[in-house]
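What follows is chain A paired twice: with chain B in the first complex and chain C in the second.
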Partner chain A sequence: MANRVAIVGSGQTHHRTRRLDVNGVELIYEATQRALEDTGLTMKDIDGVIIGNMDHFEGINYVDCWSIDGSGGWGKPTLKLTTGGTTGSTLAIAGYHMVASGLFDRLLVIGWEKNSESDTTAAITTAFDPVWDRSVFAGAISGLAVEASVYMHTYGATERDAARVTVRDRRHACLNPFAHLRKEVTLEEVLSSPPLADPLKLLDMCPRTDGACAVIFASEGVAERICPRPAWILGTANRHLYTYLGDADYVGLKSLRHASRELYEKVGIREPLKEIDVMELYLPYSFAGLSWIEELGLCPPGEGPRLLWDGVTDLGGELPINPSGGVISCNPIGATGLIRCAEAALQVMGKAGERQVPDVHVALSSGFGGCWWSDLVMVGSTKPA
Partner chain B sequence: MMDRIAIIGVGQTRQERNKVHETFADMVFEAVQQALEHARIGIREIDNVVTASNDFWDGRTISSMAVNDACGSYDKNISTVEGDGTFAAFYGMTRILSGAYDTTLVVAHCKGSESDAKHITNAMFDPVYLRPLGLDNISTAAMQANRYMTRYGITEEQCALVSVKNHENAYRNPNAHLPMRLTVEDVLRSRLLADPIKLLDASPVSDGACALILARESAAARYTDRPVWVRGVGYAADPYHLGDRDLADCDALVAAAKRAYGMAGIADPAEEIDLVELYDAFSYQELLWTEGLGLCGRGEGGKLAASGATRTDGSIPVNPSGGLLSAHTVTVAGLVRIAEAVLQIRGEADQRQVPAVRTAVAHGVNGPCGQSHCVWVLGA
Partner chain C sequence: MTQTSEPERLVMHSGDAQQPFRYAVGRYGSRFFMALRDEKRLLGIRCPRCRKVYVPPRQVCGPCFERMEELVEVASTGTLVAYTILRFSFLDPETGKQKPVPYGYGFIQLDGSDNAFQHFIEIRDEARIHIGARMRAVFRDTRRGTLGDIRHFEVLA
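So, the complex of A and B:
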């Protein structure tokens, strides 16, 4: 019989462009220590560690072995997962399964990245097929620029619509002491920022960040003793659909559509806009905040901009998205997806401080990465049936 | 009490020096096809996938992306463990125990021929203090071998016996990369790599892929009348800095074995285990790991090998497949150990079959000098 699982606490570093004061292991230690303090647990209570990042951003091989002094994994079952941008959400999904298996009661899950130690685009470029994709279409920005162009062409959306997403996330980030970019930007600033790949401009894109996040997953019976209001995992789903960029369908994000339908069915969600109270989404660039929320079933295709302009997704709106400031405000890649999950849990636990959304019972977090891949984790205040 | 989980099929490519005609995807497709056929299951009935690979060895960030099509994961839930396949299989198992899935496909790939082992293994070490010393898998293994031999009086001849045995065993395994008929003298006289490790004490770097299919008991019954049951699994990690460890010990292996044996209800491993497939990246490691697995007392690994007990016709055969010394596919190697143990339990190991194997142990390693170990106990 599988166990129910809850998130009982988390810790994040204060994310920055460059953390020259710490090395990678020390950065990991900082997040781990904060998660332990958040839960009142010590390393002795932890019965396993999962860690993840993207190797080529730091140039460290076998990170699970190398990070032991920071992760506290000495003598414990220690595992490494890596799936690119989805690494953090992949970690959260693993945290769920491994505790639900009954083999762990208190599992420490760590995502981290020290992007300042690498050339991010060069590293990401090597993810793609060396013969077919790498020389023509690789890196994080070019594919997204194509998706944005297709979206604008198909539905008549504008660069100004997309800029509204950046304005929202950057405004929310000012309420989050851990976010990397805590300064509001205006629509005009986004539209006049330097072009990167048409139609994308600097302020349409996420930054690259140094940071780590640690989340503690606990089993039913144990979780309630650690935390008065744990965030129960209601379900997870993911899709890593493509190997080649040329295979991807650039009208929308099919992986997110398929994963969300599976998850909604599992959890029993019929009207996501009404039934979900807050979302922490891995939106690596502004246009994703228009088209991907359509894939999540919040509105019909092409109507994402209307939701944005109506303020539906702002703090105070019907379904706030990214009260943390999201990925556009903070992006330590291997940690990014896990931060989404940690923030969703904070909202359910009522511990999100100034960025708290009132009365959160159901929260959705997502991860994006690889070749148009999507991961989803849903948490809630009520123990699942 | 854990639900019963079975391995219902395994597949592996030949492990070779240089699969120049095959991409990562080709190798993965071949191993997965074999595993599906072995389990008599269709890819549509596989409800989730866990892959294992390493970005450094593949020279690709997000190395799993190269094989998503080939492993048939389209529109399925999927994840990727970076490291040895035994760890990936563990995660694959928990995805069934969690109640979420019925059947997990686990597949690992590696192409050492496209890689530079010295630089890749140097990258395991701290970039400021340790990398400039030139540490790599061979030089650190030499340090461990020296410490182990000094502390327990293990001899180079005893280590060489492992190499002689495993390369000979490889003749009976059509998938092995380096079958060789050697004498102890051949091993002792082979080129010195890092004292005391000589060329024939070290494993080659090989290309290959391996896949297996895990299923919960109720699902397993639909496909096979010869399930191999997971009786216990454990894994654990030692400290990172080599100076924080006594390299003659293998505490993490002892801890991993204790967990696995505890789950399997094994009190006397030397008596109760019929066969062992372990991660012998170097000849001395087979001796040290047999101690860590509790097949003999501490410091007695050399005597155990010299007694002939670990030969295919001995009382506790170790690596009848030829082990890593005969084919080292890095992240794939541990998964091959599980696959070989499964074949032995099913009585399908052909020429390398050991009679009446009911309980077998498979073992995988991550990190330098066996820093992190994963131990599987499998049974009929």
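So, the complex of A and C:
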């Protein structure tokens, strides 16, 4: 069976539209240094490094080697991992696996992206089959627009319902010094923003961001000596359900539904709305905040809007979602999923500053790959049995 | 490194070099494209275990992880199960140019198949397009054995 693993600290850059003052290696170094400072460790204490971004955004395909000067991986086992939007969350899952194996005691996990260096939609489009899907598909925005139109058709949800998600995440971001966009928006501003692909408008979507995040995972026995309140990994899950886009089922994000069922069963969660204290979800666009919380079992299908309008998912509500401001406020793609995990860990550790939710024992973070694959990582204050 | 003033922030352009690829379509894809090119017929394939019919045909049914051999003709008409109309222009990696917008794109479940087929949809009259609309493939007169042999799907009168 697996050994127990905890997150003992993290660091992230102050995420921005363009970090022209640093190249990618220097950006990675910033996050790495901050994680080491957070934990009081030095690079000598680190046994190994895993690092990832979405290769195509920067067009550099051997980040494990190329990033060595910034990652600290010189002379250590250093592996690369790249899975599109889920890169950051898959990095967290892999970090957990590697330390749980017993082969590593202190592992540095780094996710990063300089989205400013290329055309995001063009790069994302290359994730899809070149013969069957790419000529028609228009990156993540088109896929998400398709999902949104099916959700509206199936349940009668409105663009206004979706806009409430953007309003929430953008308001929460004002409390997060690292978030990219730190200015509230109103429902009307979302609804009147420029159209992208029906029914999505500019403010329904996440931004493109330059940023990096580093998280340190440690094994049982070692973690407790590094910090007083580690965030223990309670469980993880990952799902892919198709090769070709036409095979995906557009009524609900099935990969997230399957992954959450597996995770809840592993961890022993029966009523996620009651038993989970905070969620950091990879919601790349507004409608996801309605539909995907249904897939996570927080409410029956079609009732997501009710949770939004009742304030259940706001800070101060029964289950705050994205106190960090989430992806709609900040999206350095290769880092984004790892930032969700780092933020969930900060909540458990009581280190989330102004965005801290009181009394957090169990926190869930998710990753999303556009389109349609999902990761989950659950962390808690109590070491698992 | 000491400096007395803000350093210049240089950005280097990669240039406009192309990176071409020549993808093998495979036996199943080749059968599909040849039937489309030569006969304006659309082929799917049936899984022997779950009995689902997939368009385009492919070697393995993913959920069953079962080899498939039984090619099945499907109709060139179907039902629109999902769609959007793109209104923002972006750099098309296929052409190196900005994509002309607006354009419609959707998933059509062809009659006789169990999954959806992704293609352009004709959007001259946006009011006629809705989930559940009956659609038909519009073939080009000159076909080369690519998805472009279908110009788009249009709403059936």
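Throughout what follows, the second predicted complex is superposed on the first by the 381 of 385 C-alpha atoms of A that agree within 3 Å, B and C clash if a C-alpha of one lies under 4 Å from a C-alpha of the other, contacts with A are read in each partner's own complex, and residues count from 1 in each chain.
Throughout what follows, a contact is a pair of C-beta atoms (placed from the backbone, for glycine too) under 8 Å apart; a residue touches a chain by one contact, two chains touch by 3 or more.
Everything quoted here is computed from the prediction, not taken from an experiment.
S.K.: In the superposed arrangement, which partner chain does A:A218 touch: chain B (first), chain C (second), both, or neither?
M.R.: Neither: A:A218 stays clear of chain B and chain C.
S.K.: Return first, second, both or neither, reflecting whether A:L245 touches chain B, chain C, both chains, or no partner chain.
M.R.: The answer is second: A:L245 touches chain C but not chain B.
S.K.: Going by the contact rule stated at the top, is it chain B or chain C that touches a larger number of residues on chain A?
M.R.: B
S.K.: Answer with first, second, both or neither: which of chain B and chain C does A:G59 touch in the superposed model?
M.R.: Both partners, chain B and chain C.
S.K.: Kindly classify A:T78 by the partners it touches after superposition: chain B alone (first), chain C alone (second), both, or neither?
M.R.: In the superposed model, A:T78 contacts chain B only, not chain C.
S.K.: Is A:C227 touching anything from chain B or chain C once the two structures are fitted on A? First, second, both or neither.
M.R.: neither
S.K.: Could you say whether A:D69 touches chain B, chain C, both of them, or neither, answering first, second, both or neither?
M.R.: Only chain B is touched by A:D69; chain C is not.
S.K.: Report for A:G139: first if it touches chain B alone, second if chain C alone, otherwise both or neither.
M.R.: Touch status of A:G139: second partner only.
S.K.: In the overlaid three-chain picture, which partner chain does A:T126 touch, first (chain B) or second (chain C), both, or neither?
M.R.: After superposition on chain A, A:T126 lies in contact with both partners, chain B and chain C.
S.K.: Tell me the contact category for A:A157 with respect to chain B and chain C: first, second, both or neither.
M.R.: So A:A157 meets neither chain B nor chain C here.
S.K.: Please report the chain A residues shared by its interface with chain B and its interface with chain C.
M.R.: Shared contact residues on chain A (touching chain B in one complex, chain C in the other): 59, 123, 126, 130, 241-244.
S.K.: With touch defined as at the start, can you tell me which chain C residues reach chain A in the complex?
M.R.: It comes out as residues 7, 9, 11, 14, 21, 23, 25, 29, 54-56, 58, 62-63, 81-88, 90-94, 99, 105-107, 115-120, 130-131, 147-148.
S.K.: Can you check the complex and tell me which residues of chain B touch chain A?
M.R.: Listed in rising order, the residues are 2-3, 25, 54-56, 59-70, 73-83, 87, 90-91, 93-95, 97-100, 120-121, 123-124, 126-127, 234-241, 251-252, 255-256, 259, 366-368, 371-372.
S.K.: Can you check the complex and tell me which residues of chain A touch chain C?
M.R.: The contact residues of chain A facing chain C are 20-21, 59, 119, 121-123, 125-126, 130-139, 141-142, 145-150, 153, 194-200, 241-247, 250.
S.K.: Can you tell me which positions in chain A touch chain B when the two form their complex?
M.R.: Listed in rising order, the residues of chain A that touch chain B are 1-2, 52, 54-57, 59-69, 73-84, 90, 93-94, 96-98, 100-103, 123-124, 126-130, 236-244, 258, 369-371.
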